[in-house]
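Across the two complexes that follow, chain A remains constant while its partner is chain B and subsequently chain C.
Up next, the complex of A and B:
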């Protein structure tokens, strides 16, 4: 029986090495860190720098979690097992965050962040979005707490993910294509590359933060990467702990900035770090070959955003100016992975695999036809990775794989249309 | 050597704002502190805030390199008549723990604290502890407010001179961090005996008092010393540090 957790989990308290702190660029005569107080909800800053291992979830946030339908189900993918031809030997389970009203896990952190912004007396929240999952979640949460929303959406997604953009607008959000002419960072990018600029999450973040700083009534809501955001996603993994009958051999989730992966796996990784189980479990991060930070990036201090408006963090990064090609899985286009995830990867506790888009969408369609659920292209990276592991382990028997199906793909018609029309139906 | 409880201390970058004035500041504050932290000017003071970063920049070159900084630190210790803890980024020594500890020994410091030891050179902690004990000193550790509990506990078990908890994310930078809750938790993890020093953005006697009431044994003031010197000169620095020490002794001691 799934239980809704009453506390979030902070893995920093259990890590085998200390997490390198965020820093200012050395030539900064002021301090990016000091400016966080003008940017983020204050309780989010408190979470970013907490020594606590567990953090009580406020009552209003718990009420909202119940209202949106938490806890979410953990289901066995028997049809998918059969379609892969591994039935019997390998059991595959998925945690389904796509049942949530905005269709993805992003609402888990959007709700407390909007709540914290309201506690600060803010009247408007500002954020960036790639595919639109985060922007939609932030717009929804802002509506729940009577806040205005402004979203900077990467240009390629602004054009291709019109459905999510419209839904954000229905919820009252103002959505700008990034790079935009609204901010200095946007104008600079437009001057450099013109209207054909596809945008990047790093640039959209820089625009959102710059826009936030222009009014004291605004607060910026980060969609991933910051440790506080990862903490707020751990409701997923804490629920999984209460839903699993046995400890799995593999836990798999996709990685954009890391909040989905962290939310799903950190409670189990934490248990392993404390010597409380999960000794045999392998934790696999599935990323896109278009932005392969964990498999192709460098572990270094780098900007969280392209404009270096925010502090620097130590992460696996492709460089803050990384501009990936337009991608169906726009949520995975971020240039770096969260500091704690990067450290776990460096230590070999988390493994990583990069997957190409065709392979991912082929598995997405196989999953749709065998399970009756159309996955978001981002989440399909976890499906493809799970399939890869399942095929490899098929002969071994008794292997259990659990992955996070972080969102549905009902608003990703464009991605599936182009894939099918391009002959990818297979 | 044990440090007093409660204790008060100050931080200065060696040679700032000039070697002569540095020694003048030192001479004026000896009666207002229990121990002193002196930082070797660093090229990459990455965990410091803007005020201290600037002192590193301004002091670089003034103290005639490492040897000059060590000589000034030793002279400062003599003038103070109080224990000195050397602070230096291990990266300044290319990760060479022995060279770092030797510099502390030459400066006649009682310990050496590296802000980047645990974050950038985690695999060298054992070496650091061995070398510093070989030189007859006790280890000191800098930790952040986002820190693994088990490692904090292990550091405490090494019988260190002190564990320095950075209350805020960078020196002199004040954010809405739950510093008192973090302090209480840190104290419960390391136990009652380990000396817990707290710093980063302590600016007033009241703040110092609250931090000690929450579980710290001592406080260190850095950025505010620099600000006070710039705005009010030597007297202003001495007044600040004496008022903090008095507040701790009267209210907490």
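Up next, the complex of A and C:
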């Protein structure tokens, strides 16, 4: 029976070696870490550094989690198993986060972050967004706690993803095309390149941070990568533990920055680290070949952003200046994987696989047609990885695969259309 | 605690007078009722006429309901209450059906219908769709039961709502622009008006019925209005009864054909009809001023469709040829209300209110900004009606309002954009 957890889980308490801390770049003026402390909700900073194993979920956040439809379903993908033709021995289950109001797992962390911002007495939350998923989740959560929202959206997405921008505006958010004229960073970029500037996530982060610093009533909300964000996503995996009848052979999720992977797998990985089960379970991170940090990156200190604002952290990274090709699954473009996920990968506790776009979208459509759920292209990386494992294990008998379907694809019809019209087997 | 019901409820068993039966038009060749029997899943015909009070939900349908995220949440709208300024005495709750994979309640009936079609040995389901919500739900359900789907979509929507059409295609459905060249009805219309024909729901129904009749492997799936469809939606209201702590003063839902209103309220209305509670509860149907059948129509025998294919039923109707003005909430355009709902209205058990579009969308935006959920414009009629009641009852103390939020508006951003840009208070 699905049970909504009352505590989040923090893997830092169970890691076999300490997590390398964030550091400031040596050549910088002032401390970026100190600035982070200044702009984040204060409880988020505590979570970033705590070694407490469990963190109580505040009552108002529990109420909000129930309101948005948690616990989310864990379902068996019988139709997809049949479509793959892997036989009855291979069972595939998926946790479906697409039932949440913005269509993905992002809202799980946006809600407590907005709540913590209000606890600080803030009246406004600020963030950046690329394709718009995180901005939409942040705007939604802010509305739930009566906070104003300001979002800096990369100029290219501001123009091409007008739908998500307008949804944020319906929710009452102020959305600026980045570079904007409301910050020094934005004005400088506009002066250099003019209105045709496509923007970048790094620049949008710099604008959001600058804008947050300009008033004590504002707090900055990070969408992924930070350990605090990962902790707040563990509600997914804790629910899964209450929903699973047996320990699975595989747990699979896609990786952008790592928050949905961590949220889904860390409670089980933690149990294994403590010697409390999951001995046979393999944990597989599914990334995009366009941004293959875990399979093709280096484990090193690198910038959390493109290098201008946020501290450095030790991560598998492709380099902070990595620019992936245009990608259907914009949520997987990030250049690095969260510090704890990177450490687990280095220790061999988490495995990784990189998947190409056409393989991913082909499996996404097979899943849609056999299960009735159109997946987000990002989440479809987990589907394709699950299919790969299922085919490999077919005939081995009694294998169980569980993956996280982190979001639906109702707003991603353009990605599918381009795929089908580009010659995909639609 | 939310509980997934194991039986649907049938109000026909508790009505104080018998439901007037469907009839054939006197001047017709052949029987339309006999044809309906031929094209519908056979179990659906049984449900249409049964007086059994409860109908067991088959195990495979229960599994599918859990998979899509049932039971859905019932939440208190504290932020909206505050935004309305109605004081602590008025409590507003909402049942949220927008967590379901196609974003609305339509999937609740599509799933059992597809299941019953498969029980008949059919390999394909056929239906018509206007804006695309029903077609998307039918395609989703068909995929869950490994059935082929064919959808006849009105030509004007086929062109203007390409997004929803493509989502159906991702799910594997074949979508024809209606009038199409695959049926006699379609070819006749094309011959008369050519490719510029905008289509109509009546014509799309005629095409879907003709196409279904042309093969014994096909079954036709109706989206609303029929009593069988209403029964299959009562999963909503039965969940609500398990979620409510006390009997509410008001239960409110919007009305297109009546399936979401019936699904939400009938279990409570039935309890009242049997003398088992809900004495103080008022049941309010919120319709659009553009299609005000319950407040402005006549109770009479009229066509279930525009007059060419389906039988007649006794309903509050604006006349089968009623053409409402273009409307943001396309799902409320239907000219009549389901027979049982019409009878309950005639008996004074259900009240009705008609709401104008700008009032509705203004309240939709207020709700989005105070609750963090963007409602479907259709569902927003229930929000506006709840707000009206809340304002009227403010200061009366201890009043509880529950409404059905039948769908989210993530795919309706155009409606909001037109409203804001047209001078709505965005």
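In the analysis below, the second predicted complex is superposed on the first by the 384 of 426 C-alpha atoms of A that agree within 3 Å, B and C clash if a C-alpha of one lies under 4 Å from a C-alpha of the other, contacts with A are read in each partner's own complex, and residues count from 1 in each chain.
Please note the rule applied: a contact is a pair of C-beta atoms (placed from the backbone, for glycine too) under 8 Å apart; a residue touches a chain by one contact, two chains touch by 3 or more.
Because the structure is a prediction, the values reported are computed rather than measured.
After overlaying the two complexes on the shared chain, residue contacts for A:34 are found with chain B alone; chain C is out of touch. Looking at the shared chain after the overlay, A:50 reaches chain B, while chain C stays out of its contact range. Legend: residue contacts after superposition of the two complexes on their common chain; A:131 is shown touching neither chain B nor chain C.
Taking chain B and chain C in turn and counting the residues of chain A each one touches, the greater count comes from C. For chain C in complex with chain A, the touching residues are 66-69, 72-73, 75-76, 79, 82, 96, 98-103, 139-144, 146, 163, 166-167, 169-172, 365, 368-374, 408-411, 413, 416-417, 420, 426.
The touching residues of chain A, when paired with chain B in their complex, are 12-24, 26, 28-31, 33-34, 36-37, 42-43, 45-46, 48-53, 227, 301.
Contacts from chain B toward chain A in the complex involve residues 44-47, 49-50, 53-54, 118-120, 122, 143-151, 168-170, 173-178, 181-182, 185-186.
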